[in-house]
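All chains are identified by letter, namely A, B, C and D, in their written order; residue positions are counted from 1 within each chain.
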Amino acid sequence: MSGFHLAPDKRTSLADAVALVHDGAQVALGGGLCARLPMALVRELIRQGRRDLHLVGSAHSIDVDLLIAAGAVKVCEESYVGFEQDLGLAPAFRRAAEHGDIEARESCCVTILTQLRAAEAGVPFLPVRGVKGTDIRRLHPEYGAVTCPFTGEELVAVPPLSPDVALIHAPLGDRHGNLHLDQPYVLDERFAAASRMVVATVDRLAGTAEVADAGVVIPAHSVAAVTEVPFGAHPSSCYPGYAYDRPHLATYIAAATKGGAELADYLKRFVRAGEELYRKEIDAERLSSWSESTDAWKELFR
Amino acid sequence: MTRASAPSESWTLDEWFVVALARTIRDREVVFHGFGSPCAQVAMHVARQTHAREMMLIEGATYAVNPDPVFVPPTSNDLALHQDATYRMRFEEFFDAAARGAVDRMFLSGGQIDAYGNTNVTAIGDPTKPKVKLGGGGGGCNISATIRTLTLWTTRHRSGRTLVQDVDFLTDLGHRSREGTRAELGYTGRGPDWMLTELGLFDFEADGHARLRALFPDVQAEDVEKSTGFELRVALDRSLLHEPSGSELAAVRHLDPLGVRRAEFAPAELERTFAHQHGPACAC
Amino acid sequence: MSGFHLAPDKRTSLADAVALVHDGAQVALGGGLCARLPMALVRELIRQGRRDLHLVGSAHSIDVDLLIAAGAVKVCEESYVGFEQDLGLAPAFRRAAEHGDIEARESCCVTILTQLRAAEAGVPFLPVRGVKGTDIRRLHPEYGAVTCPFTGEELVAVPPLSPDVALIHAPLGDRHGNLHLDQPYVLDERFAAASRMVVATVDRLAGTAEVADAGVVIPAHSVAAVTEVPFGAHPSSCYPGYAYDRPHLATYIAAATKGGAELADYLKRFVRAGEELYRKEIDAERLSSWSESTDAWKELFR
Amino acid sequence: MTRASAPSESWTLDEWFVVALARTIRDREVVFHGFGSPCAQVAMHVARQTHAREMMLIEGATYAVNPDPVFVPPTSNDLALHQDATYRMRFEEFFDAAARGAVDRMFLSGGQIDAYGNTNVTAIGDPTKPKVKLGGGGGGCNISATIRTLTLWTTRHRSGRTLVQDVDFLTDLGHRSREGTRAELGYTGRGPDWMLTELGLFDFEADGHARLRALFPDVQAEDVEKSTGFELRVALDRSLLHEPSGSELAAVRHLDPLGVRRAEFAPAELERTFAHQHGPACAC
């Protein structure tokens, strides 16, 4: 009856999980930068040909870029999209923004957080401290202004943000949808509370007792579907399981930078083929060697 | 990505740059860097291991408090940076602290920076149809307003396209924007106090305008002049860029064995080497 | 330089810790109802003769009542003060409110939470969803009104709440001030972030590694002072160490209800005597028997 | 505090009361009670063990989700209530959920309750100098506005001082206050749908006014009439208070072995005993 999801068993196939995301949906992406990104869900969205998505989030990388490369995105309302100083600008994001193929409605971590909090607390607006004086406001005609009844000061007011779905990958979860994450949680707790539903993948499904011992970070009642997909965050990291796959990311960026046939090849080999073949292609086991020694860990980043 | 480091009687520009950034931190400050900023990231850890042992260091994308990294990896949200941390802030906990003024210093860079320290990390050209779409500002458009002090840096001064008369898009606030000064906007953060480039060091005058205070010894004032798009105010004091100490260099090399900091520099800048002497070093 | 507390060693005596609380201070009390209350700090405040305190918090019991009984309180801005259906109304609170000896400025859990969040986020006001239509607003002339710039709806606006000090008791902490708590945390995390400082007692001081393994809930940088006081939450519970001391609470309530000599006797025996004698008086060891068996646990509540 | 329970072929008023409260919960509702409300607390667990196995139960002061208590202790913030819980909401997490309308039902009581279901848990008499200072409302003054539906209860109807024409202080909102209806105040919560007393069960008419729907079998309509301070509207349907089942009684007795629920009743009410028959039970 409420917005909570009370079914006792949320396990479903990856295809059925992603079928909960409709064309044009406002989609929050869990994780951040190149860690714990919901990549298996992203790939399945592409396989299902989803279109016109409105992405919201903080700082992201290949999740956003790949969706854009595949033509699934209409609006990108993230605070950052890129590969930092390591691999640089996000090629598909950059090209689509420069060509006007997407609306790059850049937002700010704090503003998005505040908008999620408005949705969580059921209030129709919240004030933010900053933004005034910057050009970010020009990208957001939906922002308003409000005068503090105590100080008389004018502040930027932002509307609630309640994504249709939050896509979250977790290392561990149970069939009810309880998810364990390691820190940093980034915005995932806020997404889970503010969104209509969480659609989750986990590297491993386990019993409730094991997940509770590890610590439930996203509770079952926020989660509509959960699917076990080993290496479901690859090529981003999902510690303690696996580190960031730098060579794979470089391969993607080369393909996405070239576009055309090279990009099509990447999509065919790593997306269209499905998750089972994907896992065979990526040689992901070596990414678990990070825990063997500091040298082994460093080696993964050379 | 790796490269043998120079021995400690000599050092490279990237090493000195990181040390000079570290020196903008005062002890007992609460300091934060964003993601994608390895020079600032390494600098913060160098400061905490040398002159600012009681600073509070908040690691860029993990919000870990005073971690001791295993090594600095090339991506900011990585366990190698915070595996041993006693406490990690939540996302909202950090940004709230920054917004209420509990953070003393943040490091900020930009694809463009103007004379008032406003930075553009959003887009070059018309932002609605950009010539170059940059990555974006993270949390800067709020917290640049409220964090007490900012250290700006760029490693691309020499390009001539970075220090500009007007930013195409104002992502993060310096000392004043078209809408007014910080005081007029109601912000308690004081804006940037230092700006380091691969050519030299700037501070900011009372009107919020940048002023060149020191040059790296292999740089001439004319190099800066021709690379700077805004009016160049100058008041040199060579001691503001004094040579790195052995312990500072050791800290840089220990913390960043992969040389992640180097990714910020154009290849030619990485050839710049210095030794214990005054005046320009040879570019051998 | 910031509001954070960076000294590497925060250990101090109970007397010096409480000396950080000045007469007239706005004081947030950690824990809730009759669990994890900062009772050793409360007793020391009374020993030091603190006056005119302005208490803020959610639902509390003997911590508030004892401070009022000792004449330390001017304003009580809690959402509830009492002993539930078990031991009933709070005798000193009730008498002082009825006689006008304190200002009982009753607030609401959600409103206090919202005011703390305003302080945390550095905004000069926040809107709340409810309150309108109730009489709680009549007790709070400081509340304002704000019109939503998007919906035109008028909401109650509340100012930030930044207590001078939050008094928090934790089962475990280290010398830096890192505190481990078990759930429910009640408002303690919010108090720690919104207050100028936390003054803490812990049942046991331990090494940082042990506290980090248990999980740091209140970080060192929020804490100005930490003191080891075994049974520092007694007669409230502090699991896993000890359960609620029902006979002691009944003794207190009888004394406070009678007032006069009986109350003076309670204060002499259990407060003026100091914490060391207090621990000898209370036979607290039996409160640890809860973990032996369900029957033993139940027995503590008969 | 303890007392031998009646055998299951007979039962006491406190047992029936808890069962009747439990029946106001529908399966798959998200339900919350406050602290200091053992009848509601036990009722929620009874519902979850009988007819509402897929409800989501949020435990009063611990915000634990669907815990199975070791036993119900006399204080609401106690580990015995949530030791086994897989998940505990944070304070703010619960209150946000309640404020945004994600919680379907809350149990509320009060020292005074008026015909529109407004409750007073703050003070009897002039609130600035009260005759009796009550404990206070917890979070009710916000979340009574937004939780979808409320179950009200009181165990002190017979006192004549509880169901009143006007509450001296409106702490938690029923269907309408002096400032307007819920619609006029902009609240999406629908207000109370049921009110149970130790005499009988009320619902609320379309105008928000309480209406007596059923009596416990040992109660006469005149008992209610003389104990009620507001206009008594009546539309009796005895089936709305049908007898507790064996499994419901077993659940009450198993969950609350200490009889914590009894603390809510005047001693005379605890003497009321019922058996499987229609009509009033003997008060033997």
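One rule holds for everything that comes next: contacts are C-beta pairs under 8 Å (C-beta built on N, C-alpha and C of every residue); 3 or more make two chains touch, one makes a residue touch a chain.
Given the structure is predicted, the values throughout are model-derived calculations rather than measurements.
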Check: interface with higher C-beta contact count, B-C vs C-D, is C-D
Greatest Cα-centre separation from subunit B belongs to chain D
Distance between the CA centroids of subunit A and subunit D (whole Å) is 43
For the pair subunit C and subunit D, the C-alpha centroid-to-centroid distance in angstrom is 28
Rounded to the nearest Å, the gap between Cα centres of subunit A and subunit C is 39
Among subunit C residues, those touching two or more other chains are 121-123, 128-129, 153
Where subunit B touches two or more other chains at once, the residues are 99-100, 146
Every chain pair meeting the touch definition is listed as A-B, A-C, A-D, B-C, C-D
The residues of subunit D that touch subunit A in their complex are 26, 28-30, 54-56, 65, 86-87, 89, 93, 96-97, 99-104, 146, 148
The subunit D residues in contact with subunit C across the complex are 1-2, 35-38, 61-63, 70-71, 73-80, 88, 90-92, 95, 98-100, 122-123, 127, 129-146, 169-173, 177-180, 185-187, 257-258, 260, 263-264
Within their complex, subunit C touches subunit B through residues 1-4, 6, 8, 119-123, 176, 178, 193, 208, 211-212, 216, 219-221
Subunit A residues touching subunit B in their complex are 32-35, 58-59, 78-82, 84-86, 89-90, 93-94, 97-98, 100, 104, 106, 108-111, 113, 117, 128-136, 138-139, 153, 183-187, 189-190, 237, 239-240, 243-244, 246, 290, 294, 297-298, 301-302
Per the touch rule above, subunit A residues touching subunit C in the complex are 114, 121-129, 144-151, 153, 155, 157, 159
